[in-house]
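Each of the next two complexes has chain A plus one other chain: chain B in the first, chain C in the second.
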Partner chain A sequence: MHDIFAAGFFSSEPVHTALLVGAVIAITSAVVGVFTVTRGQSFAGHSLADISVTGGSGAILVGLNQFWGYLAFGAGVAAFMELIGIQRKRGRDVATGVVLGAALGLSALFLYLDTESSSTTGATVTVMFGAIWEITSSTVPALIVSAVLALFTVLALARPLLLSSLSPDIAAARGVPVRLIGAAFLMVLAISVALSAVIIGAILSTALLIGPAAAALRISKGPIKAMVTAAAIGTAATWLGILLSYDSHSWPPANSGGWPVSFFVVALVVLAYLATYISGWRRPAAQEAEQHSCSPA
Partner chain B sequence: MFTGLMLNTWIAATAVAIIGGVTGFFAVLRGSTFAAHAIPNGAFAGAAGANLLGFNPIAGLALFSVAGALGIAGLSRRARHDVATALTFVLMLGIGALFVSWSTEYAQEAYSLLFGEVYGVSTNEVRPIILLGAISIMLILIMFRPLMLSSAMPEVAAARGLSPDLMELAFLVVMALATSMTVPVVGALLMFSLMIGPAAAARSFTASPVLAMGLSVALALVSVWAGIVLSYHTSWPLGFFVGMFGAGFFLLGRGWAAIRTTRVIPLH
Partner chain C sequence: MTQDLVNLDHISVRLGGRQILSDVSLAINPAEFTGLIGPNGAGKTTLLRVILGLQQTTEGTVTRHATVGYVPQKLLIEPDMPLRVKDVVALGIDGQRLGFHLPSKQRRDRVDAMLEAVGAQAYKDARVGELSGGEQQRVMIAHALISKPKLLLLDEPLANLDISSAHSIVSLLAKLSKSEQIAILLSAHDMNPLLPVMDRIVYVAGGQVAVGTPDEVVQSDVLTRLYGQPVEVIRVRDRVLVVADA
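Up next is the complex of A and B:
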């Protein structure tokens, strides 16, 4: 047992926090991710993640917890994207790209100013690659409440959301407010991206959002099973990542202070996705559905 | 402002802007914005690894960006394009995070690779930048006609025997080479702003592909040159100005298109 769990793993306070928060966030991201992949909004999800870098670095600049920065900026930009018409297939990638480019410029400035005020030398790394060991106990309730809120919203909207994702015309004909549902989903996406940014970093949060969902959609039948499978894959990758990162304190190179959690989580998620290819799990129906829903852009 | 190391900065930035303008034009035309964002970011891992082992970062960048392009193209055949791009991208960034965490100058290195270190360009770094840039421009000129055809009319191109998969792969590899040389100058994150902003704006001003490409290069050059001057005087990062100019040109272009005709020209 001591080879697998390094000394102090179960008694360490930061580990408890990391495991609890990690699981809640992984589940939320995975469930939201199933809808993101189905709707073909991976780029929007990733852009929200990158843009929340601006919020995180700005929050550090004014002395707030970076989670509030991720959240405020992500939600603001989600509303803006909705306004400039991210729902329209045509041109939305370019519009998203330009917004993203401008936001990244702003992050460069904020991070530069962060590093100038010498108290926060690690700002770049914290914002980009996450800081799961540094979650303070005062932010834990806020993280969990936001996660539960996002999860609850997406589950409450599940039926109209699925219908408007798969066939907007039928949804509109049945009286589903497609535009409103889309806007609500972008907000949920922004919250879940902000949450994963806390544990594996803003630019890597795409991994927890897209990876488990994409793997689950390949191997499971129906949206409910896909959500459950995605949540299981996400939680397993996060917990195993935390464990491996904790153990890696004694790994080479010397004095590295351990390998980053984000590296393990991302690697495990991608491995899970690739594993769906080598096994014979692939069900024919999924392939058809996937090819059918493949967007031309 | 035009002496010693600053001269290297001007030369490197000019080369970067020309490449960014040309490849960005095709990226916008083909709707490969996500790949244009993902490849330079993934290449970041290569630079971090090369620094760790003491190689020239350009070699690491070239290796990783080409690997990223192959990964995106390979996975895309079997899964949805955006999912394939996202997963290739996060895997490479994750490896980058690992390499950077092993480095002794953790935070500083992460910042300069992601956001660029335009004032630290040495003469040794300028030469490979220009060489790789010239190769990418030549490849694009050679592929110009088939690339235009397969971007604008994929069905016609396929009917004439141009494999869309092959064209996509060729374009991604050229984009990978072109962007890998630019990472040390403008940084992995901001290369994207330099590619998309000017190119998207140029397409709003003119419908002619050759003119649009020229205009895209011109706007990219104005962005970096004005960016260097402003950055020199304020000591704020070049990437900030490049990002702002890119978005500014795009808004100007959309405004121009809206004024000139009542019908706004579609983005792509």
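Up next is the complex of A and C:
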């Protein structure tokens, strides 16, 4: 046991916080992710993540916790996307590209000013790749409340969201306010991206959003099973990532601060996704065998 | 006298400066099988959207006295959409409502019975994105009918189907219309597969309609007036061809 859990893992306060916040955020991201993939909005999720870099670096500049920056910019851009109708029409990619480019350019400036104005040089790493060990106890309630709110909203909207993914016209004919529900979902997506930016970083946050969902959608057919599977994969990757990062303090280079959590989480999520491909290869053969055995005797 | 399910009173629709429908009046009667026939781009989909309340009219009034089920044109469903056939049919019960519905035996039985009625039991656990066009149509019909509407609208359900699938969908609809007393309004650019089952025909051309029994409407003089150019109706081996004069 000593080898797997390095000394002090279970008694460390930052570990407790990381495990708790990590699980809550992983579950929310995974469930929101299932709907994101189903609605074909992975790109919107990624755009929100890029924009969050600007928000996070801007927040540090004015002395706020980066989470509020992620959230404010994510929500603002989500509203803008809804306004220009990015979810309904293709061909908005030029506008999106220009906006994203401008936002990342602004991030470069903010991050430069962040590192110039404070003695710490960690702002860039914190914003880009997350800082799960540095979650202050004062932000924990805000993180958990936001996550629970996003999760509750997406679960409440589950059926109308699925119905409008199936056919927006059927949903509208049955009285679903399709556009309003789409806008609400985009907000939930923004919150979810902001949350995972806190633990694995703004530019990696879609890994926790899309990865577990994409893997789950390959191995579970129904919506509820897909959500549960995605949540399990996301939580497992996050917890294992935290453990490995903690253990890596003793890894090379010597006297390092440990390998980044975000590296481990993303690597584990990708492994889970690849694993579903391996199990997917075997499935068609099994089905064929079943059909043959059903042939009349 | 029975009440109309839907009544369109002198409706017109303009979209983006184009006149799509002009001065269309029609009523749908209970348990009738009506074919909405016309060439592509004639305004069939717009007419269905008007009845559903998805399309505002520029003029005229629409009155609905019945619940309406809807099967849109071929859906583009990716195979990775996490909806099995039985999930899609269950969404037909209360998919517009907030929150989750816990699984119950009563719901499962209701979904099973509906799948049985449309002959889709065999693939109820398959993802809907993995089905063929004909199988998807059956599932979407089950989805639309499980809430027990009095009128079912179908937009080009026979397009992209091979002849035998088209035939089995038409006989399924005719059977359900009689057994469940459901009025059916089905759009198609080819009336021939529907001729054995149609009670009435709504023929759309150039944004206007001719309404009546197939024998009344599918006549050279009626369609010539509707198209505004000489057309001829030719009957060959129980098939009807509408041919524009050269």
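Here, the second predicted complex is superposed on the first by the 276 of 297 C-alpha atoms of A that agree within 3 Å, B and C clash if a C-alpha of one lies under 4 Å from a C-alpha of the other, contacts with A are read in each partner's own complex, and residues count from 1 in each chain.
By our rule, a contact is a pair of C-beta atoms (placed from the backbone, for glycine too) under 8 Å apart; a residue touches a chain by one contact, two chains touch by 3 or more.
Quick caveat, the model's predicted, so the values are computed rather than measured.
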Room on chain A for both chain B and chain C (clash or fit): fit
Superposition-derived comparison: chain B or chain C, residues of chain A touched: B
Contacts of A:Val77 with chain B and chain C, given as first, second, both or neither: neither
Partner chain in contact with A:Leu48 - chain B first, chain C second, else both or neither: neither
Which of chain B and chain C A:Tyr273 touches, first, second, both or neither: first
Contacts of A:Tyr112 with chain B and chain C, given as first, second, both or neither: first
Contacts of A:Ile210 with chain B and chain C, given as first, second, both or neither: first
Partner chain(s) touched by A:Ala197 [first = chain B, second = chain C, both, neither]: neither
Which superposed partner A:Val37 touches (first chain B, second chain C, both, neither): both
Partner chain(s) touched by A:Leu162 [first = chain B, second = chain C, both, neither]: second
Minimum Cα separation, chain C to chain B, after superposition on A (Å): 8
Touching both chain C and chain B, counted on chain A across the two superposed complexes: 37, 40, 214, 218
Residue numbers on chain C that touch chain A, as the complex places them: 49, 52-54, 68, 70, 72, 75, 77-78, 80-84, 87-88, 91, 94-101, 125-128, 143-144
Chain A residues within the chain C interface of the complex: 34, 37-38, 40, 155-160, 162-163, 165-167, 169-176, 214, 217-218, 220-226
Residue ranges of chain B in contact with chain A within the complex: 28, 31, 33-34, 36-37, 41, 78-83, 85-87, 89-91, 93-95, 97-98, 100-102, 106-107, 110-111, 114-116, 187, 189-190, 192-193, 196-197, 200, 236-237, 239-244, 246-247, 250, 266-268
For the chain A and chain B complex, residues of the former touching the latter: 37, 40, 42-43, 45-46, 50, 90-91, 93-109, 111-112, 115, 121-125, 128-129, 201, 203-204, 206-207, 210-211, 214, 218, 253, 256-257, 259-260, 262-263, 265-267, 269-270, 273, 277, 290, 293-295, 297
